[in-house]
Each structure stands twice: as structure tokens, then as C-alpha cells.
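Order of writing sets the labels: A, B, C and D. Residues in every chain begin at 1.
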Amino acid sequence: MTTTDPHVDEPTAEELRALDELYAAFEAAHMTPLWTQIGGLMPTAPRPDSVPMLWRWSTLLPLAERAGALVPVGRGGERRAIALANPGLPGTAYATPTLWAAIQYLGPREEAPSHRHVQTAFRFVVEGEGVWTNVDGGDGRVDAIAMRRGDLLLTPGMHWHEHQNTTDHPMAWIDGLDIPLVRTLDAGFFELGPEELATRETPALSRNERLWAHPGLTPVGAPPPASRLASPLMAYRWEHTDRALAAQLALEDEGHPGVVEPGHAAVRFTNPATAGDCLSTMRCEMHRLRPGTATASVRTAGSAVWQVFSGSGRVSVGAEGWDVGTGDLFCVPSWAALRVETDGGLDAFRFSDDPVFEALGLARKETP
Amino acid sequence: MTTTDPHVDEPTAEELRALDELYAAFEAAHMTPLWTQIGGLMPTAPRPDSVPMLWRWSTLLPLAERAGALVPVGRGGERRAIALANPGLPGTAYATPTLWAAIQYLGPREEAPSHRHVQTAFRFVVEGEGVWTNVDGGDGRVDAIAMRRGDLLLTPGMHWHEHQNTTDHPMAWIDGLDIPLVRTLDAGFFELGPEELATRETPALSRNERLWAHPGLTPVGAPPPASRLASPLMAYRWEHTDRALAAQLALEDEGHPGVVEPGHAAVRFTNPATAGDCLSTMRCEMHRLRPGTATASVRTAGSAVWQVFSGSGRVSVGAEGWDVGTGDLFCVPSWAALRVETDGGLDAFRFSDDPVFEALGLARKETP
Amino acid sequence: MTTTDPHVDEPTAEELRALDELYAAFEAAHMTPLWTQIGGLMPTAPRPDSVPMLWRWSTLLPLAERAGALVPVGRGGERRAIALANPGLPGTAYATPTLWAAIQYLGPREEAPSHRHVQTAFRFVVEGEGVWTNVDGGDGRVDAIAMRRGDLLLTPGMHWHEHQNTTDHPMAWIDGLDIPLVRTLDAGFFELGPEELATRETPALSRNERLWAHPGLTPVGAPPPASRLASPLMAYRWEHTDRALAAQLALEDEGHPGVVEPGHAAVRFTNPATAGDCLSTMRCEMHRLRPGTATASVRTAGSAVWQVFSGSGRVSVGAEGWDVGTGDLFCVPSWAALRVETDGGLDAFRFSDDPVFEALGLARKETP
Amino acid sequence: MTTTDPHVDEPTAEELRALDELYAAFEAAHMTPLWTQIGGLMPTAPRPDSVPMLWRWSTLLPLAERAGALVPVGRGGERRAIALANPGLPGTAYATPTLWAAIQYLGPREEAPSHRHVQTAFRFVVEGEGVWTNVDGGDGRVDAIAMRRGDLLLTPGMHWHEHQNTTDHPMAWIDGLDIPLVRTLDAGFFELGPEELATRETPALSRNERLWAHPGLTPVGAPPPASRLASPLMAYRWEHTDRALAAQLALEDEGHPGVVEPGHAAVRFTNPATAGDCLSTMRCEMHRLRPGTATASVRTAGSAVWQVFSGSGRVSVGAEGWDVGTGDLFCVPSWAALRVETDGGLDAFRFSDDPVFEALGLARKETP
């Protein structure tokens, strides 16, 4: 503290020795003074350890394929998923302090066995098809959900789930989970299910979609969701997402509101039983930038991961900047300014910890 | 009170005179004793004045057509709407103590001028098309909404609205409002808008649908609704309703849950910004009975009005019963047992005051 | 409708006959046109049938005493309660379209037997003591609640309750219930309990108070309330109310916020488990005006009943005005402007249907 | 993964080399496979790094006094607070992954200058008095709050606050903040206020108490709280807490419900404007064990810190156990079983991250 006030007299040698003794006593007593740490503990604005980072699809996919050749899928490892590891969080496999993001790869006819966990999860498909994710419908009945390009598939917390590739070609997609948050909070529980798949059905539409994917329509007799935080709709199809984004830009062309900002359309994936976020701890959105669009620079308390779904553009996150194309993933640490621009147009998927920040009264946003 | 206890001695003539004086004094003081009224005021179960009642479409439509020939539409009368008047509520135009239901008729090229009111309203179309309802989007911008067979169109409270028939043929539909409830509560405000239509556009899809009628997708940049109780989605199309009902029955065929009871599918029209009822004071639902189905007999605290949308069947409400077909309307007073059966299948639209009962903690239901 | 548009040609005799036939056909078909009724059904602002009205305590109490001498209390009549009957609502016993208010009178050693009902109820004590209201704690256990001057005692919906006078003197108080609302909605259920009192205990503090009447403190192990709408605290003591009102005026004296308007303090009685209104359908408040205060004139959608608790003043409601003193009751119909002024200071209890209006999105207030 | 399945053939040297290359490629690409980490990332039940730990008041207080002699309070260090550092979280000053707990010490006539921060905070006083905490009332007006033995004082997020010791003796108390949680989430903002105290008033009761500390009474005209998550009541006095706990044990003596378990009373400090937790991210409770009581062993997802307020007993947390007395603090890591027993009776203050777990759907509890 004396260092912070130059008007105080220099401490004497005796005082310095007394201070040394005091700090040693603190350490022996498992105590740490605030005054030597406050800047790190309570910065004037978020000072994340995680850094802006880009992972290119052209790097990820070949490595996933290589893992497909060398590493079996099965009980114990559970999933052939390779996570984005933020260099600012060394020793972890975290994209940000709250978000885990990975490429998952399933070879021809491969299966990943059933398990369930407190961690909420989604899959987003940037290319390919042929895998079904079988998810507990919340009522103990397994629901087989097809995975196709552009689709978002949910696995709410503690819902059993397993994957099967029904084709002769491999498939890769991204997984998003709140693993870091749950790990930090010491909140996780995990259970193994049977080795055998619960179903080998491959319906085009899952039962949850057939009941819940109708706009503004609630099925009166549907089994109640497992909880307010578990969306009964677990598949959001590209066909609907694409149509909703196109409509926003068409409305803009006609002079009507609907877009986030000029040239920038966005939809949020929501739980139709509550209208809240589709997952309790992660927000999922799809953004579309019209050709020739640049977003405003925005910074947000909380972190996010983006994946380019189609098109290309230039992204800046804090002091970093990259040219990006289909499949590329990047993370946005808390309070880092984000700006996206595109010549030819760009669609991008975003997920973030916004629901956590909003639930705890921590949300904050500004356009610098 | 003496009448309720036979063991008490008969009152003397003097006592009777004193009682007479007391009751006269009550009356002069604008007071009424509970003990003479309690049975009527606080019955052991609801004892509605309104009665079960059927109105046949074959009666309503010709009378509406006749009114079309004789009575102009315009400022003052506002709408050529003829309400269902429950015989148990004489002197009123109420279908039930809370619900107003009417057939509205608009001749070729006719218009109904703009107004707004606290009362929430919907239109449901049992036949025909060609009319557009222009509704304030909640942000002061007018949104032209096409009306077609099977569609439900909303006018949340205090949203400006007007109608125009763009064709050379007439069109009729039903209006539902909470007029009786708002009148009883003395809660109503009403304002006239301009004589001239705000727009003559006739888009196939309204702007509110283009933004909000995508399953599980919330438009991030859409203008916020006027209030939590005002649905930003104001048109629910038959195409979606039909598909949702068909899916429930198909799931039943496959042995999965989803229907209300065997052979009985139902969807509720909901506000996609809250997942609550589409209107603050009225619940709207579409029901489908498979051929050969009979519902359980159910009674509910609160009242409802039904309209057969297609098919035919037999309905019993309390002690009444009718054969019903397309367009026929009937009301279900509070706590009257309702049962519907059909040989050939039947679709029916239902609206009720359930949201009021639920908000006030008054909801109750039983299968006798 | 022709009457509303002077520019339309006068109808011919034939047209008039055709119209007569149409209206006769409407009547035969149990139909009522909107255009002849719209002014009454949907006025531009609330046009209540109920009228501003004053009932003087000096009238009510002697009549209640007289009833005490002539009319027994017991099964059937249930309570010796005499209701305020609004002259604008003839044939009813309603103070307003939603609120029932009565003076209840219990003679020395008298008892009123147990019953329960959907209708929510409270007692407010303007003078006297010695009666205990035994109320179901929501967990089936009876809780004896002392009634003393200035106290507010609740009976949430479907809670068993009974009264006993343990003294040799009579006691009178006011009862408030939502009888008219529940009757209009056909929502009421009523059950008789045993003839014999469930308890004859006379504790100074009820168990619900001992658990719940601590500021900002929730009892972790208390039985959960019967529902979100049933307050677990059922007695609000004058000592606390008085202290809270005094504090607001003292803060005003010191230049700090807290009062509603200059010289006007007010507290609302709330459910400590939700912070919402103490009853699901009625708001209860106590107001204090400092000597020399006049409130602003305010009108509110929804109706209220007030009772002067102490002091005196002058009240105007719409076009009416009265000098009022302790015990006097008056009603405020919807949208009638209310103004209260006092020379010597005045405390008044208010109850209203505000929770209904807020739950249904109907609340509105203005200072003309 | 091969290690998890003994039935797979041993890899060849070539396969091992290929795997080595793959893992090196992962590392170069900032990627981490799930299958090598899943046990640590997603354990079957919480496996906290933090450990059960006891800090004795007899150690803390002398060190705080020594710091009082050697380290000035003032701008930069901000507060003479010395935090409990969990040995399982080396390099941090965290009691648990979400909670920061410290002893704060203010010498005679000392002051700690104004600042504000996103982190929510409270003070709890185990002994002494004479310090006032001046807190922003949420409306920009400073409210001086006395600190006395047994009191809980709040500083909701972003409320300016400062301390002054008005006496000639020192005072120490504990501070609780959500610093670790906010730091992990990168959610923190911090601002310095003026050097000079905003007020030197020393009222016995703060203004927030005078408005809000009345049981079941909401001040109608009080300024609205800064947010739903900011309690307008910021001081909970020992007098009320003690009375509430005593009432629960008295009710138990009389055979009525109210205690958490036999001999164990508890109150939760709640926001009177919402009935939710008093702070957005921390739950605060006071527990009282009757002499001769032992609690059930309970484990909870989420962590907590306890301070013995009076009496003595024996505590076991997971595999650890200690005899404890007044002022002693201990932490309970997530899912560690907690059991407390006492011969002579014991009062203890508890704070935890339960509100975070409940908001995010992560709460879980069991009695092993």
C-alpha cells in the first residue's frame, strides 16, 4: 500500500522487516492481503487471460481425420472430439473461461456410446450429414435426431445421448459445451449409459421437432419438459434458420425494421416452452451479413465463439484480425471489441455465455 | 338464518317485527346482510347464469348476409358484427360472462375504419378469404395481414386495426373479444382512428409473420413488443396448425406421446416472445378428433366458446346435446361438463378465459 | 348505424320494415348486433354503473349491534356480516363490481363456524379486540390469530377459517372479499367445515407471524405456502404499520425520499414469500396524511374501497364529496378521480382490485 | 483411449509414432483431445481443487491488528482486508472457486475511501461496533449504515461504498464477495470515488432500514431499487435475526413445524422487493443449533463459507474435522459432506454460491 502513496515517508529498515514478518505470517495462516492483489482481482474493466484466437477449418478437419484413423471411439474417451485450446489459458482445453468448443469426428458406421452429464451441449453442422444423435426426450424415451448441414442440435443437461454414423463416409461437426464453467463451479456430474445404442432408427424428423417445431404453436398434450431450462425442441433446421434470416434482409430492403443493424440479420435459437435461451448456460445465434456489410465494433461482458458457416470476410477481435472463411472458428474474450466485415456476404454461427451473465446481473455491452 | 336451524324456537310476532325493521334499516343504509344471500353469492360450486347454447352457422351466415344488404359499415357502429347472446344473460350480448363472440361480415370492396381499444381481440376464419386486417405492429407501423380459411389473426389490446375486403365477393369470419370481462371490470378505453385506411397493401405474408413465424427462432433485431402481454406474432396460418395436429396423430399411430387423450390432438396458439397465451385474457386452441373418437367428459372452472372448423360430431355440454357441423358455435359455461364425439372426424377451434383464471389462481379442472 | 351518419339518405318505409325484420330475426336467433350497443359495450373510457358512495360508521355499527341482538350466527348464514351495497349495482350486495365489503359483528362468547372458499378474504380492525380468527396455515394445521385495532388479517383462498369471541364484549370489524369478481367469473367453490372450533387457543402471536414477520428474513425450514398466491404471513400488526408510516414522514422531514407525495405516506401489505400483493385478487394498503395535507387528484382503472382508520378529512370521489371520520367507508369506482385532504391528519386503509388489473395488463392511472 | 479398453491389441511402434505426431500436431494447432482429459474435465461427481479448511479467529484477528499497525488504509489498496486463501487453489486469494472471504480491520478514526464494483459484497460483524458503512442507496444518495455485532450489511453490485470508524477503538469484521466468480467470468468493472467521505452522519438506523425493514410492508413511494437484483434493504439487524431463530426453536418446543431439522433453526436474508436472495450471486443465512444437536450430514453442489457467531461445536467437512468456536471460519467445497454438532449450542453465519447454482439449473443436494 505504501507504494501507492508517494507522500508517505519511506519505511525504515525496521518497518520493512516487520512487514516481511507480517506477510510471512499471512502465508503461514493461509491468508492473502487484498491490497497487494486488488488490481488483478478487481480490475477497472475485464482483463481476460484468454486471448483472441482463430482456428482454421483447414487445420482442424485434417487433424480430426487423422485422429479418425488412429484413435478409436468408445467407452472411456467417449467422443472423438478435439477441443480448441486458448493459448491464454495454458494447461486447459478451454476456448474461453466458460466455453468449450471442439470438432467431433465420426468415421463410417462408427458409434459413440450413451452418456449424460450436467454440462449442456449442442452440435452445429458446418458440412456433411449421415449421423443421428439419439437424445433422451426428457421423458426417458430416446429420440433419433438427424444431423445435416446448418442444423443446430441440443443436448440439455442430464439428457442421455449417443451418436451413430449410418453411412460409409465420415462426418465432422462442432460441439459446444459449458465444460469450463461447470468445472470452475465444481458443478459437474457424469454418468455412463449402455454400450449398445438405444435405437438405430433414422427418421428424417425427430419426434421433438414433430411436436414442437411449429411457429407459435404449443402442443397441449406433449409430455412436460424435464425442467424450465431444458428445451423440449432439440433440433433447429437450416431451412427455417435460412428463411428467417432472408426475411429480415428482405424487410430491410423494403424499408422495415427487423435487422440488428444495416445489412446484419440475426436469429437466436430459443426454447419454445419458455421463449428463453435454448440452453441454460449458452446462447446460440446465427448471423447473416449482406455483401458489403461491416458491423459496428461492439464489446460485451462475457465471451463467445464464432464459426463461419458460409462466405468469407474479415474479423477483428481486440487487437487481432484475420481473414476468415467457411468453417473457421474464433473466440472473443470478454470485453474485446468485435467487428466483422464482408465483401461477398457471410453467415456465421455464434455461441456465448450471455445467459449466465444475464441471470447473474453481469451483462454489459457498449459500442466503443 | 332461523330457517337454517329447525331447532331454534319460532320467532315471536315481536321478534318478526323487529327483524322487519332491521331489514328496512339495512336497505335505507344501502346495506345487505350476507346471511340471506350467501347461497347465491358463494355457491358450493359455480352456478352460472349463462346456459349451454348452440348457434348454427346455417342461421348465422344468412342473417349476416342480410345485414350486409341493409346495414352500412362505418364510423359509429364500427363493425358489422353480430354477437352470440347467451339467453341466460338477458339484456347482454355476451356468449359467456367473460367472452364476446360474433360473426363479422364485410361485403365486396367494403372497409371497416381504424380504431383501437383495451379489449383484446382475434379473428378466426372458418371459410373464405380476400380480407386484410391492418394491425399496428406495436411500433406504430401498420402491418397488413391476409385472412384465409383456418387462420387465427390477433389484435392485442390498444393496437390500431382496420379491415378491407379487396375482392368482389363478401367474406365472413368470427371475432372473439374479452368485452364482457373488460365491461364488468370497468377497464375499457376506446379510440377512433382515421377514416381512411392506413394501407391498401395486400401482401401474402405480414411483416410480423416474416419476423416471428419461424419455429424456435427469435429475431434478435426485431422491435420489442409493446408489452409482455402483446404477442409480436399476430397471424397463425392454417398450414402450420394443420401440420402440427397431423403430426400428433401420426405420433400416436407410432406409439408415442403427444396427443391430449386417445384420438385427440390439440395445439395452443402462443406468444413466441414469452411462450404464454397469445392474448392476455383469452386462450386460443385448435383441436382435432380422429374419426371414431370420443373425448372424456371434462369440466373446467371458466367458460369457453367453440366453433366446429370441419367435420361433424355430437357435443354435450352439461345437460344439453347437439349434433354439430362446420361453422356451428357453442358455449361452455363454467363447470359444465363437456364431451365431444365424432364418427367421421372433427376439427374445432376453442377460445376461453383460462388465462384469467390461471393469473388469478382460480383454475380448476376435473373429469367427473 | 344510419343514425350515426347524417349524410346517408333517410331509409324508405320498405327499408325500415326490412330492418325491423332483421332485428327480430337476430333476437329469435339469440344474436345481438354490435353497432346498436358499441357505446355501452366499449366506451371511450370506463363508465361504471357503480357510483361513489359513503357509508358512515355511525350508521353501520348500530345496525350491526341490532343484528347481533336479533340474528344468530351459525351454520347456513355462516357469518353476521352486513355488506355495503352500491346503489349503482341494484339487487347486488357489491361495493364495486369486484369488491365486497362488510361489517362483521360477533357478540360476547359467540363463534362463527369453520368454512373455506375460493374467494380471498381479509379482516381489518378499526376498533376493539378479543376475537381470534383460526386459519388453516396452508398445511392443514390451524393457526389462531388475534385481532386487534389496526391489524390486517388474511384468509387466502381455500384456507379453512373460523372466528371466536373470547370476551364478554362484542367486537366488530370489516371483512373484504372478492365475492363479486369470483361470482362474475363463475369461479367459486365453497365448503363447510366442522361445527366445533378447531382450537380455542388464544396466543398473542400466531405461528405464521412467529415464522414470517421478521423483516427481510425467510424461515428456511418453514412449510412451503399452499401456492405462490397464498401469503404464508397472515397477520400484519398495527405496531409495524404505524412505525413504517411514521418513518416515511420522518424521512420527508429530513429531506429524503420515501413518501408517495408531500405529506402522504403509504405502505402496501405484501406476501413475504413473493414480494407480491398479500392476496391474489386484492391489494391492501395503509395511507397516512400529515395534518394540512391534500393529495393530488388521481384516477385509476379499477375500483377501491377505503376506510378511515383515524383522524378526519374531506374526500372527493368523482362529483361527490364528503366529510369523513374514523370508521367511515367509501368506494371509488373505476376511473373516478379521488382526492383526500385533511386538517388534523388522517390514517386510512385502502383495498382495491389492482392485482387483477395488473395481472391482466389492464392497469392505467392518471392525474387529471 | 487405448488405455481404457484392454481388449484392443497393443499398438505397434509405428502406430505409437503416428500418435505422437498427431498429439504434437494438436498442440501446434492449439487443440486438445477430449479423450485424454475427460476424467478431469467431466468427473462423475464434483472433484474440487479447493479443500476443506479452517481459519481460526484467534489467528486472524491478531494478524489483522498487526496489519493495522503496519499498513495504512487508502487509495490503491482500498481496504485493509486479508483474505482466506484456500490451499487447494494456490496462487489465489480465494476461499472457494466462487467466494472471497476476508477479515477487514479499521483502526480508530480510520476511513476507507469510496469505490464501487460489479462484485457484490456484504459485511458480517462477529464482534465490536463503531464503524459506519456509507452505501449508495441505489438512487445516488448516500446512506450511512451502522455496523454492530450480529448485523449483516449489504453492498449490491455497482453501489458506491466507503467506511469510517467513528471511535477510538479498532473494529474488525468479515467481508464476503463474489470476486473469484467475477474474475473467472471476466465480468468485473471497478471505479474509484472521491477521497473525501460523502457523509459523516452516524444515525442508529439507516434510511433503507427505515423504509424497508418492516415485516410484510412495502413502502409505496420509495425510490425503485436500481435493479431486481439489488436489494433496497441493506442492513439486517441481529435483534431481528435472533428473534426469528428463537421463534423457530420455540415452535419446535411446542410441537409445530418451522425448523430445518430437529434442533436446527435457520433464516435466509432476502431482498424484500423480490423475496429472492439478498445478493445476486451469494446466499446469506444464519443458523442456530440448540444445545445437544447434531445436523444430518448433507452435501450440496456449490461451495460455502461459514463463520461461528457464538457458542462452540464440532464440524466435519468431507474427511476433515475441527472443534470450532466464536469467530472461526471454515469453507465447504462443492459436494463435500457437512455435519455440525454442538453440546452447548451454536450460532453460525453461512454464505454460499447457491443463487448461482439455482439460476443456472445446477443445484443439487443429498443426504449421503
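Note that in this section contacts are C-beta pairs under 8 Å (C-beta built on N, C-alpha and C of every residue); 3 or more make two chains touch, one makes a residue touch a chain.
For clarity, every value in this text was computed on a predicted model and none was experimentally measured.
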Touching both chain B and chain C (chains): none
Shortest chain-hopping distance from chain A out to chain C: 2
Using the touch rule from the top, work out which pair, C-D or A-D, shares more C-beta pairs. A-D
By Cα centroid distance, the chain farthest from chain B is D
Just give me the whole-number Å value for how far the CA centre of chain B lies from that of chain D. 52
Between chain C and chain D, what distance separates the C-alpha centroids? Give it in angstrom. 43
Go ahead and note the Å separation of the Cα centroids belonging to chain A and chain D. 29
Expected list for chain C, residues touching two or more other chains, is none
Chain D residues touching chain A in their complex are 1-5, 8, 15, 18-19, 22, 25-26, 29-38, 41-48, 50, 53, 55, 59-60, 63, 66-67, 70-87, 92-93, 97-98, 100, 102, 117-119, 157, 179, 182-191, 227, 229, 280-281, 301-303, 333-335, 353, 356-357, 359-362, 364
Write out the stretch or stretches of chain B touching chain A in their complex. 139, 141, 207, 210-223, 231, 233, 236, 240-241, 243-244, 247-248, 250-251, 256-261, 264-275, 278, 285
